[in-house]
Amino acid sequence: ICDLRSDTLTRPDAGMMQAIQAAELGDDVYGEDPQVNRLEAVLAERLGKDAALFLPTGTMSNLAGLLAHCRRGEEIILGAEYHVYAYEAAGASVLGGVSLCPVPVRADGALDPGAVAGAVKADDSHLAVSRLLSLENTHNGLAVPLADMAATADAGRGAGLAVHLDGARFFNATVALGCAETELAGLMDTISVCLSKGLGAPAGSVLAGPGDLIARARRWRKMLGGGMRQAGVLAAAGLYALDRNVARLAEDHARAGELAGELRSLGAGEVSQATNMVFFTPGDGRNDALRAHLAARGAVIGGGSSGAIRMVLHKDVDDGALDCAVQGLKSFYG
Amino acid sequence: ICDLRSDTLTRPDAGMMQAIQAAELGDDVYGEDPQVNRLEAVLAERLGKDAALFLPTGTMSNLAGLLAHCRRGEEIILGAEYHVYAYEAAGASVLGGVSLCPVPVRADGALDPGAVAGAVKADDSHLAVSRLLSLENTHNGLAVPLADMAATADAGRGAGLAVHLDGARFFNATVALGCAETELAGLMDTISVCLSKGLGAPAGSVLAGPGDLIARARRWRKMLGGGMRQAGVLAAAGLYALDRNVARLAEDHARAGELAGELRSLGAGEVSQATNMVFFTPGDGRNDALRAHLAARGAVIGGGSSGAIRMVLHKDVDDGALDCAVQGLKSFYG
Amino acid sequence: ICDLRSDTLTRPDAGMMQAIQAAELGDDVYGEDPQVNRLEAVLAERLGKDAALFLPTGTMSNLAGLLAHCRRGEEIILGAEYHVYAYEAAGASVLGGVSLCPVPVRADGALDPGAVAGAVKADDSHLAVSRLLSLENTHNGLAVPLADMAATADAGRGAGLAVHLDGARFFNATVALGCAETELAGLMDTISVCLSKGLGAPAGSVLAGPGDLIARARRWRKMLGGGMRQAGVLAAAGLYALDRNVARLAEDHARAGELAGELRSLGAGEVSQATNMVFFTPGDGRNDALRAHLAARGAVIGGGSSGAIRMVLHKDVDDGALDCAVQGLKSFYG
Amino acid sequence: ICDLRSDTLTRPDAGMMQAIQAAELGDDVYGEDPQVNRLEAVLAERLGKDAALFLPTGTMSNLAGLLAHCRRGEEIILGAEYHVYAYEAAGASVLGGVSLCPVPVRADGALDPGAVAGAVKADDSHLAVSRLLSLENTHNGLAVPLADMAATADAGRGAGLAVHLDGARFFNATVALGCAETELAGLMDTISVCLSKGLGAPAGSVLAGPGDLIARARRWRKMLGGGMRQAGVLAAAGLYALDRNVARLAEDHARAGELAGELRSLGAGEVSQATNMVFFTPGDGRNDALRAHLAARGAVIGGGSSGAIRMVLHKDVDDGALDCAVQGLKSFYG
């Protein structure tokens, strides 16, 4: 089977399951889980931050970070299509009384520095208090270059904002940009990274940043209900993933390029691709028929009845699986 | 003096002060203030709604209405430049856990019906639950025609939304449109109107709508701290204003037209005008110098050091006062 | 008529209405209302604080103060029967994400210092962060002595808490205790006082405290919808009340004592009295019959069908009015 | 080693790790994880409810349930020493704007039905809207009998409240009471149960209840950040625990009785015991010395420097481990 709906679908492989099996466990609420402690230490170091915190999901990793940055009544400036704004049900507003100020995302996935500066509010009781800039990399697969990230972060910092990175696919970005992890992370005050997407762990996310902020985020994790006990079951998988599955993200990017090439040569619609994501908009609008055709051949795609279809490459789609999808596309449009 | 910064600056005139003086008062938290009860009854009737509620400000009138419409985690779709989104410090988010989804405001002050329909969220746990459409009329002085209001409201209703109108300057709209108050109000589920702007009362706003919703809003008013005791001191002024100061808004609109005409004939910058508001962008960018020049001649304008200057006509700017401002403008640019 | 339900029922007298009439007004959102500015300055000085803020109600005065003291997730320790906990619909929790930790109120109206210290939470992610102690004086009419207030406040401060006073009837307390206003206020970081109860103004409350905290409270006032425009209409009444109606609270206390004496001599039930409040629990449980009997004679009492009836003396109950109530009580029980 | 601090310390045994290893996994956000789906189905059936939801922790299980029951501004009545009030950092208030009304917990762990009925608020804008009664069983190890649970639940229902059970140790209760799981669950609208305590799973909790409420809780789970991907890694452990580790809780209860007996025969302080918990208050106040003495002999106890020490029996404390603790106690006090 070739499931292209999302890289969240990655399942632990045998080696990862072995790592889980072998893990010495403890109670992380007491701070005694060796796997969690090691995972937090490893990522704090790799990201060049004082401290790190393991959380069950990327949504909570972002949320605990945002609540640790912003008090009630303060504002986050962020991309209108970024996940924190568009796909986390406005949790920071709903649960935390933080207001969200969306600015348009550029075609390259970055925020315009001028737009960020322009969104920062004056000190006026009619207005929220701007506190945080929340960025995203990769965004829709686009790896935003370091220079653009730096320019936007600088615009925020110049206006007195702290800067957070939703790095759900942080390692896709660093692999694609060919930069050191600390180069991208160093532009940020806090970074959340996901272990369950391209890295292949079953669940889990880590927030890294300054010690005092991470201590506050730890309290928010507890209140939100993210303080798991023998969380090392998940953290062991995360450690394994960080060791084995980062460099191999380049394979996903290569296969995504290959799939995009095949789609373009079919001439059946618009195609764009970046890192591990391909966006294909069928010119004939027969999305549902295409989906059914592929499903019958063992390839699964998502998306609605019209518009762009997102296809995401990940470690559970190998060359054989990808070929199955490509053959299905060819037979549909051939 | 000619203070053009805002129509909130209107002061009670002698007749209004006499009405305050003569008012029989009671304790409105006990429901016993005759002026408040009469004001609520008058506006419920004039706006064609079951019930109405007096509140200290337009901000609270909108906020109590929004909280009565929306539960925690639900979403309001509204204009990105509307007051509820842009100038009420995101209170519904911060205090009420309601998310705010801004859509662009058209040049005519309306929201595009298609943009409203497009902003309504699918039923998906990643997304907020769309509940309410919040409109505004007038917007930046623009009286949005009934047909446009109806089209936008219909788009919202068709997607299952209730519809609220921030009618801080509702009567400027109805006077300018030449429509019945019930024609505009009839398109809405709830309407908030302000008594302290063009109508000239010292403070106060009224929310009108269905009985059960107004009962909920009354509870939110109490919790927010808007349950005043002998509120009839303010309500008496509001009743007087509704009797005497609605039709005369046409004078403000006429004077705004006159001021716009003078500005255009000066050729000193861009000018736009609608109802009681004039927006003037000095071509030479000498905003601060203009402000100082006018101030020395008894005319006060607001705005920053650059960009458009908003000039608002209201009942405390009579022909003589306006002439003072016009002469000041002429001598500056002459 | 003799309305004993509450001292909130006080209506402006002719002199106060004259003060309203004579008031020069401005727009308080611009900081330009002379009455509001003077009222804030007068109370800051009388209470010995850096700054003060006028708000429409005592509920908002407390709420804005609590939100200025406490961030989301922090906790207020307060009396289980105090108004902020028991009668403000948990607004600080609901709107502000502040948790409320009630401790029992002693028979003398104070909180036990040991109970306050014992309620302060350890630094543990399972627990809220204790931040503020909220006191009340008078409580159910009881004027808590300075020494008790000081002991409780010290217990809070010793545990790192700031201290707020809900002084809805602050002046009843200082008049009854015979202390300087600054003596009671000096024990507190912030104080809210009401103008609409015994002082006789139609509405309004003032929060006093440190300059930075009052600046934050001013923002919360705006967001909550308490930023009225020509609020001087109310502030002028408040200034008049502070000048004329403070010392006379002693008359209310004396009449309350007189009423309590009459009730005790009737031997018809339990009686307690402190400052301007009398609590009477009819021994025969015929509350409804008593209420009807008094109403027929022009005296109004509140309370439910059973339990204690609160009777509140205030400036609109003079000797003649009180006599009407006393005669009614005598004829009912005689 | 004999760690008596908490039953959260339980580690997966070899069989459970094998079940994890063998688990077929999917993405639970897509509803495709077979283990999670089976776990939810199993517990819905065992608890006699329409639907169930897997969550990462008991804190989130309670929180998502409370948010699904209560809207902003509504109130939960619950025991002042219950975990939801005392140890979850007031999350429902802080994050959800729900107010919490504590009532005293009886010595038997139940709430007095009269106290519950008395805490329900009248319909008055000064007061929160009472919505939910939240119970707990076991509480401090006490298994509250069905008749008491029923009486309290009836008192709540009679006043219009829904009833939730924090069943973090639900199975300790049913095993101790010797009742069917549906007998206890049947008294409740919703129940949360923990898999990570006595049952021995590494993490995870399940909320069961009516279908529409569970659907709302699922949305809150997503917003709170509890929507994990291949959550089957944890759910498989939970399924194994439900199969193998429920009946054996009786062993923990027996060992707790044995430990209590030994402590009583030492005559060294007050002892109480119920289900798997023993509370021991050293008469000599030498808590720290006792803790050090035991630690040197391989037994770990928690608690502070004074007061009661909680000792919790669980599956990782076998007879040999318990004996180690008992010998340590004997040598300390002998």
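Read from first to last, the chains carry the letters A, B, C and D; within each, the first residue is number 1.
Here is the rule we go by: a residue touches a chain if its C-beta (ideal position, glycine included) is under 8 Å from a C-beta of that chain, and two chains touch if they have at least 3 such contacts.
Model, not experiment: these values are computed from the prediction.
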Hey, what chains does subunit A share as contacts with subunit B? C, D
Selected pair, greater C-beta contact count between B-D and A-D: A-D
Whole-Å gap separating subunit C and subunit D, where each centre is the average of the chain's CA atoms: 42
Between subunit B and subunit D, tell me the centre distance in angstrom, where each centre is the average of that chain's C-alpha atoms. 52
Chain-centre distance (mean CA atoms) for subunit A and subunit D, in whole Å, is 34
Where subunit B touches two or more other chains simultaneously, the residues are 72-73, 88-89, 94-97, 125-126, 219, 222-223, 227
Flag every residue of subunit D that touches subunit B in the complex, lowest number first. 67, 71-73, 96-97, 125-126, 218-223, 227
Write out the stretch or stretches of subunit D touching subunit A in their complex. 5-6, 8-12, 17, 20-21, 25-27, 29-30, 55-64, 88-89, 91, 94-96, 196, 202-204, 219, 222-234, 237
Interfacial residue positions of subunit D with respect to subunit C in the complex: 72-73, 75, 87-90, 93-95, 97-100, 102, 125-128
